Amino acid sequence: MLYFAWVRQKVGRSEERLDLPAGIATVRALAEFLERRGGGYAQAFADLKRLRAAVNQEHVPFDSALAADDEVAFFPPVTGG
Amino acid sequence: MIRVGPDDFDAAAELAALHARAGDAGAVATFTGHVRGEDGLAALILEHYPAMTEREIARHAAEAERRWPLLGVTVIHRVGRLVPGARIVFVAVAAHHRRAAFEACEFLMDYLKVHAPFWKQEERVGGTSWVEAKTSDDDAAERWRR
Amino acid sequence: MIRVGPDDFDAAAELAALHARAGDAGAVATFTGHVRGEDGLAALILEHYPAMTEREIARHAAEAERRWPLLGVTVIHRVGRLVPGARIVFVAVAAHHRRAAFEACEFLMDYLKVHAPFWKQEERVGGTSWVEAKTSDDDAAERWRR
Amino acid sequence: MLYFAWVRQKVGRSEERLDLPAGIATVRALAEFLERRGGGYAQAFADLKRLRAAVNQEHVPFDSALAADDEVAFFPPVTGG
């Protein structure tokens, strides 16, 4: 996973690797899994309406399916350049 | 030519390079964006998602080339800490005719300013805060939908 | 800054000068026009009505400044014999925001390409002939009427 | 008077001074006066629909009034830069 902007700040890292836990089949399920870690993760993922996600560098809705080796990124809505 | 990174650029040299590459271009439209020092801004700090940024900009440059008959496109975007007055973005489009050059240049700028995966922080005396996504800019990019 | 004459110009230097003059401009849009070598054109020969050209361009620059909140305008137009590839016109507009910069730059270009008192001859192997006024360009300038 | 483009070529000069002849009160009357000179002037001013005029550097219709010391220019429709 990759984290950007204040998501990165709250979780305290810009990237990490994770073997997809059993039962986690969508981006939303992964976000909820991360929220359950508590601490900065709980803060970052408390309100998914404030977040956006990309899988393999493409914007995706939270209901998108995940596969092993996907590059998943979580970030606030982009503010442009 | 697409480049995203912390380095400053020379708009003149980029303009000349584009024109040399573009062959018989009658029209070259450019846009240069600078950081504005409004409301006591000390700096903008831009973060991006490198793999996605280059891929998305390339996709939009290709889209512009599908929509308009273009002879060349240059997109340069800086990231990192940029103080007021600093160049932040440069888009140049070469075409046979001016209308295509202007429209494609605006199209790419509207994309970059709204949908490109950049996140901005504003650094002021009181501290640093994240910029929220804006709706008026969204409207600007929306007009290209079809 | 308005200049009409035979001399070539340095778009880079003009861009830098405009930005320096314009203060806290977030947006600079430019247009550079080049002679296109279509259909075996050997050269364009431009003639103008000097007193009227400068006066009319100044009037349209002032009109642009009334319509849009601008921080600076540069218009350079060449006359005389210009070979394919040569720069012929440069318009640069500085503003706080990109929309105003783009629109004012297009407005000035549409004016220059249609209504400015220039007359063009096309020089080819077979001889030299006067260019007729075009209707499609007229339409481009018409859209700014109100 | 000033002449530009092919008007200049046909009349064979780019400018000349003229004391306004009696009875010449408009741009149109001046153009017709010039046409009556014959030669290149007759060619240049044969069809006023192909011409445009300016008085003191302002575009004007052919029915505009003339005064002494006006700078009158005749030219084809401008082709822009």
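Per-chain numbering from 1; labels A, B, C and D assigned in written order.
Here is the rule we use: a contact is a pair of C-beta atoms (placed from the backbone, for glycine too) under 8 Å apart; a residue touches a chain by one contact, two chains touch by 3 or more.
Just so you know, these numbers come straight off a predicted model, no measurement behind them.
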Subunit A and subunit D have mean C-alpha positions lying a whole-number Å distance apart equal to 75
Starting from the mean Cα coordinates of subunit A and subunit B, work out the distance between those two points in Å. 27
Averaging only over C-alpha atoms, locate the centres of subunit B and subunit C and give their separation in whole Å. 23
Distance-wise, how many Å sit between the C-alpha centres of subunit A and subunit C, to the nearest whole number? 50
Note the residues in subunit C that touch 2 or more other chains, in rising order. 33, 113
May I ask you to sort the chain touch graph into line, ring, star, complete or other? line
Between which chains does touch occur? A-B, B-C, C-D
Quick one: in the complex, what on subunit D touches subunit C? 2, 4-6, 8, 54, 57-58, 71, 73, 75-81
Under the touch definition given earlier, write down the residues of subunit B that touch subunit C in their complex. 10-13, 15-16, 19, 24-38, 84-85, 96, 98-99, 101-102, 105-106, 109, 113, 140
Inside the complex, what are the residues of subunit C that reach subunit D? 33, 46-49, 51-52, 55-56, 77, 88-89, 112-121, 130-134, 137
